[in-house]
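Would you mind keeping the following structure in view while I ask a few things?
Each chain gets a letter, A, B, C and D, in the order it is written, and its residues are counted from 1.
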Amino acid sequence: MKIEKTTLTVAQHPTGVDLAIPVITLTGTEPGPKVYIQANLHGAEVQGNAVIHHLLEAFKANPPRGQITLVPLANPIGINHKNGEFTLGRFDPVTGVNWNRQYHFDGSELAGFVAEHQEQSDEAIRDAFRQRLTAQLDQRLDSPWGLTVGQHLCLRLQRMAVEADIVLDLHTGPVSGRHLYVPRYARERARDFNIPLNILMPSEFGGALDEASFSPWWQLAERFASQGRELPVFVDSFTLELGSQEYLNVADARRDALGVLNYLQHSHRSAPWGALWADSPFQSEPVTRHACELEDYRAYYSPNGGQVEYLAPLEQLLKAGEPLARLWHFDRLAETDEAGLCDTLTLPCDAIPVLHFASASVQRGTELYKLLTNTFEL
Amino acid sequence: MKIEKTTLTVAQHPTGVDLAIPVITLTGTEPGPKVYIQANLHGAEVQGNAVIHHLLEAFKANPPRGQITLVPLANPIGINHKNGEFTLGRFDPVTGVNWNRQYHFDGSELAGFVAEHQEQSDEAIRDAFRQRLTAQLDQRLDSPWGLTVGQHLCLRLQRMAVEADIVLDLHTGPVSGRHLYVPRYARERARDFNIPLNILMPSEFGGALDEASFSPWWQLAERFASQGRELPVFVDSFTLELGSQEYLNVADARRDALGVLNYLQHSHRSAPWGALWADSPFQSEPVTRHACELEDYRAYYSPNGGQVEYLAPLEQLLKAGEPLARLWHFDRLAETDEAGLCDTLTLPCDAIPVLHFASASVQRGTELYKLLTNTFEL
Amino acid sequence: MKIEKTTLTVAQHPTGVDLAIPVITLTGTEPGPKVYIQANLHGAEVQGNAVIHHLLEAFKANPPRGQITLVPLANPIGINHKNGEFTLGRFDPVTGVNWNRQYHFDGSELAGFVAEHQEQSDEAIRDAFRQRLTAQLDQRLDSPWGLTVGQHLCLRLQRMAVEADIVLDLHTGPVSGRHLYVPRYARERARDFNIPLNILMPSEFGGALDEASFSPWWQLAERFASQGRELPVFVDSFTLELGSQEYLNVADARRDALGVLNYLQHSHRSAPWGALWADSPFQSEPVTRHACELEDYRAYYSPNGGQVEYLAPLEQLLKAGEPLARLWHFDRLAETDEAGLCDTLTLPCDAIPVLHFASASVQRGTELYKLLTNTFEL
Amino acid sequence: MKIEKTTLTVAQHPTGVDLAIPVITLTGTEPGPKVYIQANLHGAEVQGNAVIHHLLEAFKANPPRGQITLVPLANPIGINHKNGEFTLGRFDPVTGVNWNRQYHFDGSELAGFVAEHQEQSDEAIRDAFRQRLTAQLDQRLDSPWGLTVGQHLCLRLQRMAVEADIVLDLHTGPVSGRHLYVPRYARERARDFNIPLNILMPSEFGGALDEASFSPWWQLAERFASQGRELPVFVDSFTLELGSQEYLNVADARRDALGVLNYLQHSHRSAPWGALWADSPFQSEPVTRHACELEDYRAYYSPNGGQVEYLAPLEQLLKAGEPLARLWHFDRLAETDEAGLCDTLTLPCDAIPVLHFASASVQRGTELYKLLTNTFEL
């Protein structure tokens, strides 16, 4: 296995400083699938870097076939941007646009592509379609009108990811349990990550890297399917949410790395690519997996301003009407209506809390919790 | 004419402070069209408040028929939010979502509505559709899961706007010439605003108030048209961009108020509503109007980081290749390659600069200018 | 005991919204000392509000003599200001000035005051000096040039505090153990708070409320002492740091309230004011108390940029050379020098960690830890 | 003349990116004074970079004796930090500390130094004192506890400035006329800058670069003077405020460069250093210069929240009671008390407006204007 380390410039500051990301490429001695893994696109979500550290060690100890690209610290603008002590890294501080909504997919060429490639083999379609996606990205990167700050970053990341059969984007929530965004077609394979909470995604594109990676291939397969031809979805892509932001624990990241390795060593069994290893060298601890559809992944917004005690534990079923959070109104201390001092917030249905807001002070309308509803075991 | 002044609570701070907006309702002694005008939804865009001040004076002096609702200071969260000296008011500082992308329209009920109302009169359709839109908003405002901070604000504003025949949203650009977003069907009437630069909009909905106000009615008319029935678009809606942000000049706002009044006094000639005045009491100074389609309204992004001299004057045609801006790299002072000290930026085609970025320091990818291309006179 | 609840306007937003603070005044049936307690001057430091809640309950159950003023949510500007999810509440977002450095004390009148009051009784001096301090504040509040945003807030809070014999300011650290700032003359009384970590303060004034409350009286006593007259320091003032910011746990706050009550019920034994209660109704759990001088309360700044694992537990002695934190440089993954991947940071001397930075990403120069050095038991 | 260009690393981001500043050193063929000039320490104050550009051209055309150090883009952290469109560059976004309050001077060694060097020549004192100051900086830079982010930057800048006889710090105001901070002993020489507004500074140290450069030498001279020995102040240092922030106009900067060159070519006539040029090659246009003492340089704070029309022109005398600004309360539109809609703000005394706030929206307490009072011609 050959290990190459390069850097890729993705941004330039007003003072002329170039911001670059590290790109590590592992090339096996035998051919095999291509895998792309990035971490820390949102600036405060650091734990994925530690997972990449463990993955690199594991790949060194058990060299895979094929090619693996690892990109830690994927967003130097977001990681380096502070307001107060915390990292303000979810969105471009100039425009407000979420860093993970700036990837590209233009579906308008799909119909034409399908018409042109009706008669070709699965493999020829795969190669031609990847070439098409690559060309779309290269064309955008070359626009005479320029690109936004976020596109300069995201399209360069996507340009690497588009070459891969497997794309993993390592994020975290605010204060959060581990959860996984799963494209519905890959739900069986997704079990191997051993992540307790799972959200099943449809084929639509909303700008995120996982969607930008799977939507084109999935929509291609859907179009062929509507014409009676069964084409595999040639790419798997997942967003992993590995706990809480602003939290680094390298020892703890080993568990998550083993889940990723477990998925990697087994995915070829049901997917249209080969094995990364001849055997299955990694052991990941099984967990009970709960899941729901994306439309059942609900946010609960604070009905009033106040200061919050987050009561409902994460990753555990909360029954309808059980206390979710307590919202304190200390401005009402010593008022005659003692009942007004705090509200106990509850939900209209059973749900499993996935994450909650990171601050104790909330406005009316703050997203307090996100929760799985209508859950089932995966 | 009756003048009522109320306030409407649109937000609540963690400390329990309620944020309210002023709502002024002018009710004529005779029936007539309903008009809704708001200003300062983006926090730094203050000049519209001064326009509303002049409009109120004009309405007092020349009482209109029908009903006029005026909402200055429409977004107290955005107006009151500072980072450094400037008002950070384009997006929710917690989520990054643009305040003017949080209005509501769900087109999925359109087909059913058209089917149900095929046989009815224009007026009956109009009234039923408005009722439908109103009910949609009321239902969302009543969600047991709550609303985002932006929805609490925007849906309450929209709840007032949905009652109106004419909806005007008063904004400004960063450093900007006056420009107007015009739904294509209203391009003739738009001339009366006497705004020099105009962008013609399609019927799609992207979350802004103008779109949320005209898209439903326009798409309704399109659907009826596709079935051979010509239905008027019952609502006009425009976004006015009245110069630069962070700038208040009350005397100067009089000109813009007269443009609005000129539109208001003439619109009934070609639109499905009555006259606001029996005569035409207002004089607005005519201007030459340039326009382009929305897809030809282009942004030019800085190709590098640096510090900028903005060279191209606003509102004037810039030929392809003429200097747009000069980008200085003072980090290269005293380097042997003197040519590297600054780049002169140019465009690939003729264009009329509409606005430019407000800061002298830019990253690679900063939106430097927005420009009309493929322009024509309106 | 009479309970009064009022509000005091301390700020006004650009939209005209008044920001007010709740002020609760408890007046005993018998005369006694005056106590002023505020919380949440720094926006993210919410836990003190819960302590005030428990104090109010305790005062209702055991009505004190004298007068108690309680001000929760003391800084509505700071509490309500968000950038990203977190509360940016340590400094004015326009000017950068720390909210707790804007109180007033001008020592230039001290010499003259001492000269004028040489012959008077302790009580006469106390009353005249309080009158002088009050007049200074009133004069500043009345300046024809206006006041800064922070002075509008702080001088109004101080105007209430200046009337009190005991002033308590309830704060928290970022990620923090409980600690107490103690004016050196009150070190014996300070033991009753039962707070494990203590910092002994000199008589200088740096702009904070505790200093603004004790420095004038202490410097007055020092000046009289230099002339051979022993005058008591007539005011006690402490800043309590009650754990971590962005954290509300009302049950947990009961312990801190009991510490405050324990100090309140015992302070009269050694201080120049009477008892708040005839007996000692409250039980606070004793703890081992470590302390150091303010000049030995050291900050350790990150020697490089990177991502951090905070290793040293808070409130426990760390020996010189033992690991304080691990600083990861994930940009160096896959580089040949494996040793460069992380630095283990250590200190040049023994220390007790008091608090650490709240984010996992740090620049070169970020304050990583604050620590007691040269500690002793209090 | 030899021109050297180097870079100096002053900061490191969490991702490991080094931030460096350009340092240009011009060394004349003949000995002469040392000059240090920096620009853009506050991130939004860019115009000084263009002045340095012109200075470099002038020095190339007229090579000076001695040594000149030029540092454009002096604060890459501040210049590169955005919140919204504008550059938030006046203070560290993590701590709030003004970037120009983090220089070092510890006067506690002065008495000892004077005692030790009583008998020495002026030159020997000068050299020994410079060595002392340099050693103080080197010791701080080497602290085992580390330095703050701002100290890493400022102490490295100061380490260069401490070597110079003349130190110029190029800033701008928010929306501002040109003005100059002048140490009182250098008021005659200051006339040569041809800057219309001037503020005379005392010898105290408040943390800024100009003070850090002149205070030690001035206080040294004061101490010797108090012992009857007249020692020159060996260093001149000025802060130039060159108009408004966020504004770059390279042509316009030529005038300011000529003012600087005029000062440089004449300063040796009354100062204890030699001539930079044998003749006086530069022509600067004379202006009328107004001045006041620092204590008479007053800020006027907004008495209420609202939106502002800035009425008083900069650099011109405003009589007491004449309109300074108009503060609009658009929330009061349509209220019965029409008088409440706006306040006209005036001053209690004659004043020359120097600068005003950069935003149209202000809180109660916003610094609206800064003004010279009790002015005289310089």
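Some observations on this one:
FYI, contacts are C-beta pairs under 8 Å (C-beta built on N, C-alpha and C of every residue); 3 or more make two chains touch, one makes a residue touch a chain.
Treat the numbers as computed from the prediction; the structure is a model and nothing was measured.
Farthest chain from subunit C (centres taken as the mean of C-alpha atoms): B.
Here subunit B and subunit C face each other with the same set of residues for the most part; over half of the interface numbers are shared between them.
Per-chain Cα centroids separate subunit A from subunit B by 35 Å. Averaged Cα coordinates give subunit B a centre that lies 48 Å from the centre of subunit C. One simple way to say how far apart two chains are is to compare their mean CA positions; for subunit B and subunit D this gives 42 Å.
In subunit B, the residues that touch at least two other chains are 13-17, 73, 79-80, 82-85, 87, 90, 94, 307, 331-332, 361, 363. Those residues of subunit A lying in contact with subunit D across their complex are 13-17, 19-20, 73, 76, 79-85, 87, 93-94. On the side of subunit D, the complex with subunit C involves touching residues 11-17, 83, 90-92, 94-98, 144-152, 298-307, 329, 331-332, 348, 361-367. Subunit A meets subunit C in the complex at residues 3, 5, 22, 24, 43-44, 46, 49-50, 52-53, 56, 70, 72-73, 79-80, 82-88, 90, 174, 246-250, 307-309, 326, 328, 330-335, 341, 357-361, 363.
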